[in-house]
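What follows is a set of structures for review.
Note that subunit A is present in both complexes that follow, paired respectively with subunit B and with subunit C.
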Partner chain A sequence: MALREQLKKMILEVLPGVDCVIGWGAGYDALHAAPLFMRAPEDVERFLSGPLGAFGAVQNPALFLPELAGKKIGLVVKGCDSRSVVQLAAENLIKREEVVIIGFPCEGVIDLHKLRNKLAAHFVVNEPGGVTAVNLAGDHLALTAGGQEYTFKRDEIMADKCPRCREPNAVISDCFAGIERRADNIADDYEDIAALERMSLEDRFRFWEQEMSRCVRCYACRNACPLCVCRDHCAGASRDPHWLTQADSTRDKFMFQLIHTLHLAGRCTGCGECQRACPLGIPVLLLKRSLGRAVEEMFDYRAGLDTEAKPPLLTFRVEERKIKEREW
Partner chain B sequence: MDAKFISRGQLPEWLRSLAARFAVLAPARAGSSVIYRPVDPEAPPRQPELAVKPTESAKRALFPLSEALLTFVKNQPDGKPGLELRETPPPRPCLVFGLPSCDARGFLVFDPVYAGSGTAGKFQDNYYLRRREQAVLIVKTCPRPLSTCFCNWVGGGPASTEGADVLATELKDGLVLEALTGKGARVLDSALLRPAADEQLTAAAQSRAASEAAMPPPVDISGCARALRGKFDSAGFWQGHSAGCLSCGACTCLCPTCYCFDLSDEERGSRGVRLRSWDSCMLPLFTQETGGHNPRAAKAARLRNRISHKFSFYPDLHPSLPGQDGHIACCGCGRCIRSCPSAVDIRRIVTEALGTAAEGAE
Partner chain C sequence: MRIGVFICHCGSNIAATVDVPEVAAAARRMPEVVYASDNMYSCSEPGQQAIVEAIQAHNLGGVVVASCSPRMHEPTFRKAVERAGLNRYLFEMANIREHVAWVGKHKRANTAKATELVLMAVEKLRLNRTLAPRKIPATRKVLVVGGGVAGIQAALDCAEGGLSVVLVEREPSIGGKMSKLDKTFPTIDCSSCVLGPKMVEVAQHEHIDLHAYSEIVSVTGYVGNFAVTIRKKAAYVDWEKCTGCGLCMERCPSLKAHDRFNEGIGATTAINIPFPQAIPKKATISAAHCIRLKTGKCGACAKACPSGAIDYEDQDREFTVTVGAVVAATGYDLTDWKVYGEYGAGRYPDVITALQYERLLTASGPTQGRIKRPSDGKEPKTVVFIQCVGSRDPSVGRPYCSGFCCMYTAKQAIQTKEHLPDSQSYVFYLDIRAPGKGYDEFTRRAQEEYGAAYVRGRVSMLYPIKTPDGEKLLVRGADTLAGSQVEVEADLVVLAVGAGAAEHAPRLAEKLRIPYDAHGFFLEGHPTLKPIETNTAGVYLAGACQGLKDIPASVAQGSGAAAKVLGLLSRGELESDPQTAGVNLTRCTGCGKCIDICPYGAVQELEVRGKPKAGVIEAVCQGCGLCTATCPQGAIQLSHCTDNQILAEVEALCRC
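Showing the complex of A and B:
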């Protein structure tokens, strides 16, 4: 049975016992999926009904769990999404028993910012919104636009988080569709961060100044983050104390990103929703990954793998293994 | 009126020359997005990005993300606490090059509000109006619609001239520029432009006709104001449509017709500034009251407000011709759809409210 059919069957089985099952449905065009809240069996027909199937399932449904606390929710998760669920449970932001998790072996999702860049650079039809037909066959994605067909390799337009993903199968699930994908040979070399660090400090500063200068402070990055917990008490909106100016200041916009990054250190699972959600395509995930690597190196800890683990920055050891105390 | 032609090669030079007189904004690529960037007359000439519809709207030209309304100094003349207010200097006149027609029509939604339509003209917003009066808008015909475009549902079109001072149409080797207002004619008075030849004018007209024809037929949304009024108390309707919403401000920040702002005084020692900055009705703090109550604490109530404001409240307050729906406060640019992380589709909400869900919608 095809993956979609297996998942639909599981959703239908889970549905009677929950308030709703959250997954992905077709959005307004062939390339865009939208979160789908399935409450009745007929809603399940719309599950992954777009031509991209699970390759288009970009949103992280774990985001919606805290606001639905108190209700029993079914959740279809990719590997990365499942780590968000684990982290939310580890921090007591949700109750594990309120969620029925449906996992599947994820083979990666599309990055529409990447596709946008590719189209703009090489093709007459230069926007995802100009694409009129989509056909995903094996490792290739064919797009029709302006009467012409363009073909991309799946890997070229896949989100960067996917080829380096060490947990493509849900790390936690109550039911699992399909056969687990092997991933023990996959490593994250953090080459994106290393490349940034090879830049001189001045160049790096200019890079961020350039990137952040187009931020419109829409805070989609913050609101798309399943682990951003302050919500309407955000440092970015607080007037008293007045941490950040309301003036159009690139430095303060960058400062906000640094605040988000630090609040997420050791909690961020690298789901990449912050960056995906940014309408201006600002690569804010780099900041979070940089601290993610630091936490992994220093505390041998990766967020979202164990509901019983304590995030290292939410606790302390009298003697940290890798932090040398001063000798005096 | 005048019709001129500029070759692609000369376009950057012309924009630079305009930058001597105006604060010029032109679309520029930045990462995966296209934004309106100031043209720097000192920097090397750069081709504007005309192939891709700008990610953000052009509203920042007349309604900056943040602007100082006044500055103040606290002082103590004769030992009594006092406050000295200083006006901010008037802004440079602004010229936007290459905005799509929907962006220009977006300002038609701003205009009555900032001219005081809510107070019978008593309170006018000079900060907006003085920018507006001097601004020159050079609209560029959209070559082809995106999956999110629906300007023709709300009275616009890819080659609409409403609100524009110049209409630009791309040909293979350059642009035909047709003046629509006196302001527009004045900026076309440049040695870098030459009069458009007849065949260029014909080609431009053909290109515009092709753009209009490429637009899918509009969906009739007359009666939307009433339909949405009828949905005001349907909690289920709004909860359903807002389920995937993140309560961010991507839709409102990028929208050419969202005009709401926030005021804040920022002080440093005895000096301070009163800032006006973009606000968003999708954020929970928008309606947070000092006493703690929030009339729109739920995201469903906030989405209801955004959609109803555009398709119901505003048209009710701004009637157009008798017997017709009022002016819809949405120009159909589709940015709120295109940039929404959850693909919330304003068209679907309106058509479902009307009970005539468009075919092909999910």
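Showing the complex of A and C:
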């Protein structure tokens, strides 16, 4: 696999100058990939070694950067991951010079929730180890579960964020493997949000009540978000200020999700890690994208594109260009 | 905390629509409340005494007063609480007048809402901490914006009181509208003879730093220490060198520049000294009319200037000064009267504004004080004055009375007779408003001694006509007293155009962070009791910018503002409000979001044990709370309005 080999070569070149390089390796079964921390040349052999190749590079490795501040880190990034790195740097949460970025053109990643739903339609429960073999060939993914082979079109199990992705190539990189993918013809029509908004207010509220009632407050969404950096001082856990009770109520769960959404307004890059990490498959990305769209419309700003840009909600201006409070 | 609650009747203001004793009874059942009572006027001497006595008798640790807006009496009650030995921040106020009694009529609902507001205040108070103000040094310097008669008076009085004054005027000369007037009512004093010496005093006063042809770019900081950035506009003349000799004007071949000072009566040269008594008496080039600046050719003025002051490369310059207080004295500008089609909308040259008429009357004006009508330079025989043009007219969005037009119209009618003894003046008016000392007598004199014919009614239209005596304007209106139509063949029509706030006054208000009304006039702290203060500490108002007024009132307010400033800065230090933000260092990740969001620049980056952290400069922080809403960690909190306090209030509301 040419791309994998090229990336490995670059990682080996970068490795001596950094404390470690973060990428992806094989996970606990054929279907899952996992973040890979490469410290020595022999670790690099395990890079993208699973059968899914870059299609399995689902996790956003930028997540680890704020915790590793002070160390020099190499990071292999897809387009979406690179935007998280940019946003972290723009917000002073990491230092750009502490990261060596290795970019590549992403072709899209797998959405395991979608796959799980597909398998469920075949009455297959996707438990760890349940899938015994995976084979990605061209446009199709073939996998074996319970001794039986199933084939799915790649498009059908690709994450929703990928076909609408306007930055498949790393937006920032110190070295870049492969040939940049064309993306200037791709637009995000926010149809998912529009569909939600076509529902009446009552229906929409019911939709969210139902979705959030399933939340188990595991906070995987928060932990997976590369821009959720409060860690020990998360509003969800803090007792001073005491924003949320411990009650197992939909109200509190929804409140937490809304706090997360508002804290990410104008910062969220739409990497989708929150939704991917949610074990219940709650579509929390919808909330974040809705504010992302609002910020894009109002401030012409998309997070994670420019390390020098000031996120609009984190600065004070007497006059905003598109908010006309006065006649001049 | 042992809490005492005091519910005020405010006479009948609150009691008429709120069951005050019932709110007090409900308060007695609220958490930690050990005492509650209702009082007729809590702010009165006995009302305050009742609070003091209750604190001592019941050993109260905190007080809630439910009455009017904290804007009104929070300081009063804080002082009362302090007199009883409590920290003044162990006090909360619930506004049950403006927020309840004055906005709802339903007594049951009002009583319930008042009770809820009291409960919220109690819940917030339970989490209050004692706070202590700090002393901060104040800069003993004042900025006066606007060099009209009000600003001049404020500047002179402050300077006499020993303060340094920075006076900023947007025009090339100070003087404002008064410098354009010929005579002033009610004494018919020569305007420049009384204003001139004051202007000269400004120029000569050692404590006054005058910046004409300048404007305010930005204002940061707070009472005691405002940092003001001023832009000196490019005059293309080095004012250090210019002696005001005026030789440049004689040589300038560009003769069609708009004559701003003369209100567009006639034209002037591209390089110009606005009037002989100008202060500073310096030349300014109008870039829009200068041939050299437009085409690169000419340079006649540079050749003419004996002091080598002309500088075609001149640019705007910005500099910053620190002042302890600000007086806004930006006056007014005439409104656009061309919205009136019935007066010709500006098509007829012999329909002019009263301010233009002042220029025609002035001996040093463009006609050397001879009244000549603009179209053909003839002396008018019949002059029609129309009052309330753009005043008291809701249809053009000007519902208010401009205040001084009745008086100056009478003055101009008198002067017309003095200049042209065989002329006849007609004044169309709605009402004559002349409530000042000697004012009514003055308008009577115009009619009785000077024979001005006053017609009560609006003019419905006017249009040019040809008569055997030449071209005239036919003015048609109603005489509502006689119940008849009137037609006057006028040689000249003078419009008493109403006044609005100075051009761009709202922009200055935004910079000074003072409120302004729908017409752009700056809002005083309280319409009856604080006519000079604004709601921004350290910013005061003088003259017509606060509301239209004549010269005596403008001068009085200028002196009043100076007295306020002198009082404020007399001790050289101020108490800072301790209701500011503070950072919990263990929570702060040093991301700096609070630094970027703070409109006052009150947050700075610190280094604590090698890690970046945020730190609040207490003296600069205004307690706006933007940073607390921005910090994801909740690491930066307002000392008197913590997240927990807001949550406690919301919880209280949800429980009701």
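We adopt the following convention: the second predicted complex is superposed on the first by the 316 of 328 C-alpha atoms of A that agree within 3 Å, B and C clash if a C-alpha of one lies under 4 Å from a C-alpha of the other, contacts with A are read in each partner's own complex, and residues count from 1 in each chain.
Note that in this section a residue touches a chain if its C-beta (ideal position, glycine included) is under 8 Å from a C-beta of that chain, and two chains touch if they have at least 3 such contacts.
Not measured: the values here are computed from a predicted model.
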| item | value |
| --- | --- |
| First, second, both or neither for A:A26, with subunit B first and subunit C second | first |
| Contacts of A:K310 with subunit B and subunit C, given as first, second, both or neither | second |
| Partner chain in contact with A:F207 - subunit B first, subunit C second, else both or neither | neither |
| Which superposed partner A:A220 touches (first subunit B, second subunit C, both, neither) | first |
| Which of subunit B and subunit C A:H242 touches, first, second, both or neither | both |
| Touching partner for A:H113 - first (subunit B), second (subunit C), both, neither | first |
| First (subunit B), second (subunit C), both or neither touched by A:Y190 | neither |
| Touched partner set for A:F37, first subunit B, second subunit C, both or neither | first |
| Which superposed partner A:Y150 touches (first subunit B, second subunit C, both, neither) | neither |
| Residues of subunit A at both interfaces, subunit B in one complex, subunit C in the other | 242 |
| Of all residues in subunit A, those that touch subunit C in their complex | 91-93, 229-230, 233, 235, 238, 240-243, 263, 310, 313-316, 318, 326, 328 |
| Residues of subunit B that touch subunit A when the two form their complex | 29-33, 35, 51-53, 55-56, 64-66, 68, 144, 146-149, 240, 243-244, 246-250, 252-254, 262, 264, 266, 273, 275, 277-278, 280, 283-285, 288, 334, 337-339, 341-345, 347-348, 361-362 |
| Subunit A partner contacts - residues on subunit C that touch it in the complex | 504, 506-507, 510, 587, 589-593, 596-599, 612, 626, 630, 632-635, 637, 642-644, 647 |
| Contact footprint of subunit B on subunit A as seen in their complex | 25-29, 32-37, 46, 59, 63-64, 113-114, 116-117, 120, 125-127, 129-132, 146, 210-211, 214, 216-220, 222-224, 231-232, 237, 239, 242, 245-248, 273, 276-277, 279-283 |
